[in-house]
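Think of it as A, B, C and D in the order they're written, each chain with its own count starting at 1.
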Amino acid sequence: MSEQTVWNDANSLVERIKTLRHQVWQANMDLQRHNLVTFTWGNVSGIDRESGLVVIKPSGVEYCELNAENMVVVDLHGQVVEGKLNPSSDTATHLELYRHFPEIGGIVHTHSPQATAWAQAGRAIPALGTTHADYFYGQIACTRALSDEEIAHNYELNTGKVIVETIGDSNVMASPGILVKEHAPFTWGKSPAQAVHNAVVVEVVAGMALQTLQINAEVDTLNPSLLDKHYLRKHGANAYYGQSKK
Amino acid sequence: MSEQTVWNDANSLVERIKTLRHQVWQANMDLQRHNLVTFTWGNVSGIDRESGLVVIKPSGVEYCELNAENMVVVDLHGQVVEGKLNPSSDTATHLELYRHFPEIGGIVHTHSPQATAWAQAGRAIPALGTTHADYFYGQIACTRALSDEEIAHNYELNTGKVIVETIGDSNVMASPGILVKEHAPFTWGKSPAQAVHNAVVVEVVAGMALQTLQINAEVDTLNPSLLDKHYLRKHGANAYYGQSKK
Amino acid sequence: MSEQTVWNDANSLVERIKTLRHQVWQANMDLQRHNLVTFTWGNVSGIDRESGLVVIKPSGVEYCELNAENMVVVDLHGQVVEGKLNPSSDTATHLELYRHFPEIGGIVHTHSPQATAWAQAGRAIPALGTTHADYFYGQIACTRALSDEEIAHNYELNTGKVIVETIGDSNVMASPGILVKEHAPFTWGKSPAQAVHNAVVVEVVAGMALQTLQINAEVDTLNPSLLDKHYLRKHGANAYYGQSKK
Amino acid sequence: MSEQTVWNDANSLVERIKTLRHQVWQANMDLQRHNLVTFTWGNVSGIDRESGLVVIKPSGVEYCELNAENMVVVDLHGQVVEGKLNPSSDTATHLELYRHFPEIGGIVHTHSPQATAWAQAGRAIPALGTTHADYFYGQIACTRALSDEEIAHNYELNTGKVIVETIGDSNVMASPGILVKEHAPFTWGKSPAQAVHNAVVVEVVAGMALQTLQINAEVDTLNPSLLDKHYLRKHGANAYYGQSKK
């Protein structure tokens, strides 16, 4: 490479990470704006796929003290590349998802109450209506419980692994969120902002689903044709919802 | 017609649509003010009955970016008459209701959580108290599910048709809202503002009804005499609620 | 009476009603501040016992348009003494309570959702904890349903009568609120402000009671000794809660 | 002691109590900010362990009238040392806890609705997920009911005694809160601020636990390995959550 190319690439990387820091900080603040977090119980990360660098919230820092500058930059092996603070204690979970699913650009973890109740109950959130189908192509799965061994060693990494296991061969972007049993939801998207969007959806849908079952304990899951219709009119090849396809 | 008459009529139409744009925009913003919408999950339209023109929210645009000018004007066949954005993806549903029910001046669709839970449960909201009876003369009905065929072709139009089918011969203004099974509520009124008002009522009444059943699963529906009393003291020929009849 | 006495009495009455107008307006606004009302679904009144004049909210006027000046003054027979607007459609209910219970200085009616759910369910709110006992000396009763005849003629007056019937010989101030079956709560107090305070308590206690039963359907009502202790430490002859008895 | 030492110690005490007044006032205001209190239904205290002086909220004073100066200073026997207002009616409960548990630096009492529902139901909040385990090392216990005798004499002191009895030999800081049956929660911490933090956690966890049981009535309590993992990664000797251990 010419020196010019090296110089240009370096500049480009610096600019991209600066932008990503801002996006990840903004997405973290949006968790609070959408009432998804109590105290510091949530974190957002984003990845720069070209370099493999991940920007993530620092661990246990109050939302009012967060800014783009104190976000932490780590590589895909968890080494801190830039930043003076510890990265989120859930970093290893995020990284496992980024390594397995190249489609993912941003990840969110919260303990939002209604989704967390489903995770604690160990139940997938069934697709019961079009609100769900507009974003999730089928149920929002719940992982199995981790074994004692998985908890004892590399717990956060194993949390990522059980998510990967649960997704299996299905399309990770068609159901962009999951419940970790006895724990809480994780969501993802093409960007940190989209992952936050999906975290809001999981919380709203979780609350609706419980109320639906309280009204009618025998309710059937959504007609697959209606699931297709709603999911595909927003996300399919011939999507016609919104302005972007015009 | 004289040129003067043509000129006056044109001016009058332009003014009316300008006013309606403002009303429809305001009504859309009120959905958010009343906490009925998450993201862009709701839409309001209004009709100018003299011209048959309908003003409706554009599809998938954030509430903070809405203004009177970017509302979309369509005719009763769904042709965009004015506006650069796609109209709401639910436009065909709105138009079907406007075509069948000349009394309707405004329509609202939301995914407000408590009403949506009843729609997902496939259950009409029973009239259980005077809060309900002040606005709805009987239960808030729930449509049947759409068939696979109805979903596959002209889904949004068929959503309107199943609402029309469910209302049947009953007075469309006496129960100004309905639940579309597996989907969410639609409400209407003489104006966009009244349709929003009724959307709030449906959400409040939906929440109260679930709690009522949780307290007493054997509760009877409202005494028909009390339903009459409350509905008619607000909406009957001899209404005496409020200031308007004085 | 000397002319001076007549003059002084007149001045005194005018001042007292002016003050009461302000108190009643403020109490109505407080309903909104405490999230007890949707739209105009609530009203507060207050009485000047010396003159027998009652100040009450006008019917169906938006909260943002209320002020001390547009409150309506009626006598205990419901004749409007001052004011251009119709008084609340529930005025006859308020007046019946003022006529029967000279201890009452202010009355509130709301459709606050959790208390309304209990009223719709036709169930008294049992005393399940000290929060309840701090304000209500026993259950919050629910009236019987009105008969068709009672609904057809003088409905609002009969709503007052069934409240009076339900209270019977018990101490009206020891349980300063009631649920009207199929309808919603009424509360009262020495003043309009205290009636609002009790309306908040009924709503909070209603919500807690439902949740309590959901956690433990077999729960016993509060130990009578504990009911005594909490009620009397705030309201008994030897009350020691707060600063007022020092 | 030299006069200088006496002088220095006095100055130091005055400064510490001044600081503690501010902390306790701030913690009381934070109860309101976190939506844990209705009206005056909550109180926070803090202790200066060197002198044994306790700063506590005055009884029945509105939150908007509280300030650092009107907090009340009492000794561990309940004698008011400084302040013109009555201390909280629950002071004797707080003091009993401070006398028995030297680790406690601050105490909170609220009637927060979801935790109060569990207390009214007489049920401990089971550990059902990691949100719980991040703060409470096992269930949040519920005391037995007080006897008539315990209610009749020294009620508030006996409330403290039944809390002490319920904690027994277990580590008071490992489960920093408890439900008093038929009443409401108490929480504590190293400082008034930490006690408020734990009061928020109890309320959130109480709500999640009820929802969890509504989704799955047969749910198991948390895997003890996961309880250990989450509690110890925040509170154990090798804690790695947050920034403080770096």
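The working rule: a residue touches a chain if its C-beta (ideal position, glycine included) is under 8 Å from a C-beta of that chain, and two chains touch if they have at least 3 such contacts.
The shown structure was predicted, so the numbers you read here are calculated from the model rather than taken from an experiment.
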{"item": "Fewest hops from subunit A to subunit C - one hop per pair of touching chains", "value": "2"}
{"item": "Size of the rotation, in steps of 5 degrees, that lays the CA trace of subunit A over subunit D", "value": "90"}
{"item": "Most distant chain from subunit C by Cα centroid", "value": "A"}
{"item": "Interface composition of copies subunit C and subunit D: same or different, split at half", "value": "different"}
{"item": "Inter-chain centre distance, subunit B versus subunit C - centres from mean C-alpha coordinates, in Å", "value": "35"}
{"item": "Rounded Å distance, subunit B centre to subunit D centre (Cα mean)", "value": "49"}
{"item": "Set of subunit C residues in contact with two or more other chains", "value": "213-214"}
{"item": "Subunit D contact footprint on subunit A (complex, rising order)", "value": "38-39, 41, 58-61, 85-86, 89, 111, 113-114, 116-123, 145-146, 148, 151-152, 155, 182-184, 210, 213-214"}
{"item": "Residues of subunit A that touch subunit B when the two form their complex", "value": "128-131, 134, 197, 200-201, 204, 207-209, 211-216, 219, 222-223, 225-226, 228-229, 233, 240-244, 246"}
